[in-house]
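Pasting a structure below so you can have a look.
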Amino acid sequence: MTGTKIKVLGELPKLNNPVFIEGLPGVGNVGRIAVGYLIEQLEAKKFAELLSSHFMPFVLIHQSSAVHLLKNEFYYWKAKEPGQRDMIFLVGDSQSIDPLGHYEIVETILDFIEKLGVKEMFTTAGLSVEKIEKEPRVIGVVSEPRVVKDYKKFGIDFEAGSKVGTIIGASGLFIGLGANKGMRGVCLLGETASLPEIPDPKSAEAVLNVLTRIFNLKIDMSKLKEKIKEMESFMKKIQSVQARTISQMLAQQMKKPKEKEELRYIG
Amino acid sequence: MTGTKIKVLGELPKLNNPVFIEGLPGVGNVGRIAVGYLIEQLEAKKFAELLSSHFMPFVLIHQSSAVHLLKNEFYYWKAKEPGQRDMIFLVGDSQSIDPLGHYEIVETILDFIEKLGVKEMFTTAGLSVEKIEKEPRVIGVVSEPRVVKDYKKFGIDFEAGSKVGTIIGASGLFIGLGANKGMRGVCLLGETASLPEIPDPKSAEAVLNVLTRIFNLKIDMSKLKEKIKEMESFMKKIQSVQARTISQMLAQQMKKPKEKEELRYIG
Amino acid sequence: MTGTKIKVLGELPKLNNPVFIEGLPGVGNVGRIAVGYLIEQLEAKKFAELLSSHFMPFVLIHQSSAVHLLKNEFYYWKAKEPGQRDMIFLVGDSQSIDPLGHYEIVETILDFIEKLGVKEMFTTAGLSVEKIEKEPRVIGVVSEPRVVKDYKKFGIDFEAGSKVGTIIGASGLFIGLGANKGMRGVCLLGETASLPEIPDPKSAEAVLNVLTRIFNLKIDMSKLKEKIKEMESFMKKIQSVQARTISQMLAQQMKKPKEKEELRYIG
Amino acid sequence: MTGTKIKVLGELPKLNNPVFIEGLPGVGNVGRIAVGYLIEQLEAKKFAELLSSHFMPFVLIHQSSAVHLLKNEFYYWKAKEPGQRDMIFLVGDSQSIDPLGHYEIVETILDFIEKLGVKEMFTTAGLSVEKIEKEPRVIGVVSEPRVVKDYKKFGIDFEAGSKVGTIIGASGLFIGLGANKGMRGVCLLGETASLPEIPDPKSAEAVLNVLTRIFNLKIDMSKLKEKIKEMESFMKKIQSVQARTISQMLAQQMKKPKEKEELRYIG
């Protein structure tokens, strides 16, 4: 496999004007935690997986001794009550490890969800700030200015969004490249004052609260911290191996030849 | 999206022997400023956008809280008076972030403008010098020696051009790869003594003066400095995020594993 | 050649439900040594070679003054007695030198062996540990949990496998990406306390013992150390040149310009 | 342009069993000098050019103020006397700047010359040694052992070739990948004790002497040093810009953000 491939498990779901909700790993794992918890609580169904040669070339080992490839996963959920909508969720183990891969992965996903009827999306991420005043705010940026007025009432701070400057990685590219395909979108940024690699449940909860309000979802929040602990050791493993692999590759590459005879270099 | 794509907005303009004028970011942002200002003053019309996976994978946030993808933009303008010519302008937020991308982006653009009838081009850039004698010179290099005599009279220093040595990035590749397609070209280099990342309005003005003389354009120069200020904060944001992203990626990759148990490495 | 190509030498062998056994270079060269020795002792036949632009761009020089391209090699062997199986072996000089190449090479090989009828595979590698208790254990991880019970009896420690955390490179990706194609697999990890670049015959022998027991093979182990010496100088050459090339490339790239006149940089 | 393209100038020459002679830049520029001089003295005709996105993205400026793209060039020459052969020469400004590009460029060229009827090739390069005894030896390595006996009589040291260890870059890959297409080949390595970036005329002359003896060519050697001086400043320019560009790119990437407000990072 070179590039990025989506494998559908069974049949594609038939969905009615579904909204796309993304939560990939990033600062404080805010998006990953929020969307992962939503999937569990709603008992959303997995229907597709994405693999990419832009993920690190390693497997994780599960408790059962079985290997786990790095991947992104698609889930769907069907509306059950008025005020709810059909939903497609994206969560995963990793984003691209090289700059070019981000564009490829995001566009592959956009082509896929476009066929599933997606015209609107919410992406989620953490936003590093120096300190939190009382509660973490959920800051919003949008695909186009007129989206602001539709979601202002749900406690999203779009004012602060205009001062964010930049969004690096998938959460921003989904909104930007999606807009090019005529999709509306909001990126929800949960403020976090933790170090980027420490999961921040408070920030994830704030993002979750916004999502449940917008889509009229009833979610039991009591298990959030417990779930975070489960996820935490798994995500830590990925990050630490990713770091170690690359530094070992570099160390390997930089080490000096030992044999005199081998010092001859031919161009 | 892997690679580079041009998206035409509406219909392609019908142009009569158009000249192509390029001004992408670079040393002192000389070309970006000069061509950006020309577009504004002539009220040239945008007709296409270019996206590339060789740009940094992030979005900028506008004052309206809406996201902005990094892109290059095409504008056109039709001749209104004798001595003028139809024109296609290229400006943008970024050049390629990796060496291979430069060739891909330049060739994608050359294929596109060839279909629009372009047989001649002017690219613009800054040239770092230690100090400026009185006024910044505009130094020219050409696609082939016989182009020199056609433009010598417009105050371009082609003598100095022969001593420039090299041109790195899009401005040079457009001339070189364009020549391979039978296009004539001049690269206009405005001398600048500022640091590469500081916009140099004086140098941009010198380049603008040459372009307006060649193409018989009447331009109000009085708003140049003001416009530069607007552009400046935007371009600074891009450069600083670009720098930060890469150093954070490297920092992330180089950080050491924390858990003893994880120190085992399998080949 | 961009990418990865397999060249079949003569006709493809007709094999009956063959098992695939991989042993590429890695920690302690455990897999490379074990599978290389098996090939020699069984007098398995070479039938295909793999080249890749993800290997280092150099050739090695043989004792005969003839060049040797870096490659991976496929061998086959047909079962001769009850309790044995037809086998396809993969050994080679190198794994991918960049992260993306691992996925490409492993998938190219999986597509190839799938056509040859492979439904089961064993990959082999070293596992760095701080110290060995008496004998090196052979630790196993699997494509799916139910594989464990089939091979538990052969002295593989699957318990320890669940604590391995991660497997970097081809040995893990084969199991993970193979599972996606419906192939069952076990990765056999021989414990080693040597430095990653020092071949570990003890660990290789432990892995060999497991393989011979599973597949009912009679192998003369007396020449293992001697064979390792032969392989050693060859593998060392590759590793040291690989290291040297990259550090020289970097040194070349980082060296400073010497001429004043050339210090001018054009964007 | 992504990748590597060969552009034929006019019609392809019709050649009788031509031998291919390669001399790209490398250690001491030995090959580049030797083959470049042969082309000049034989007045060989240029018939094709190769461009690649694996060359650095810049243009050089000629004395005439015209730009020069980095490229490789093909020349041909027809045998005029008994004992001579039709020849195809390859020289150029650059080899690939990334490891993957070497394979792509060499294979693109092999496909091209195969169609022109090439079944035999000589590649040329420098070999760094600590000191030269009297005269630089010309050391040979071959595509297959039986090639040795055909060329032993021409003063090539194949004994020493067996101890060379490795050949990095195009000269080695041509022989290795060519052998895979059924082409015979010899790589001629001129010993040099200069620094890798200093052109070594003595070594180039030694290689030239071998080539003229094998192919029964009469060449005036008196202008070799003079020609080297011409080439020298040109090649130096390329090397120094290549180094500068990459170190500036890295410097650019590593520089720290200046504005406090921009320190927020979103994953």
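Chains: A, B, C and D, in written order; residue numbering restarts at 1 for each.
Basically, contacts are C-beta pairs under 8 Å (C-beta built on N, C-alpha and C of every residue); 3 or more make two chains touch, one makes a residue touch a chain.
Quick caveat: nothing in here was measured; it's all calculated off a predicted structure.
Shared numbers divided by all numbers used gives the overlap of an interface; between chain A and chain B this overlap falls below half, so the copies present different residues.
Of all chains, C has its CA centroid at the greatest distance from the CA centroid of chain B. Rounded to a whole number, the gap between the C-alpha centres of chain A and chain D is 47 angstrom.
Rounded to whole angstrom units, the spacing between the C-alpha centres of chain A and chain C is 33.
Shared interface positions of chain B, defined as residues touching 2 or more other chains, are 163-169, 172, 237, 241, 262-263, 265.
Contact residues of chain B toward chain D in the complex are 3, 96, 99-100, 102-104, 107, 140-145, 147-148, 158-159, 161-169, 172-173, 175-177, 179-180, 187, 236-237, 240-244, 246-248, 250. Across the complex, chain C meets chain D through its residues 1-2, 7, 51-54, 56-69, 97-98, 237, 241, 245, 252-259, 262-263, 265.
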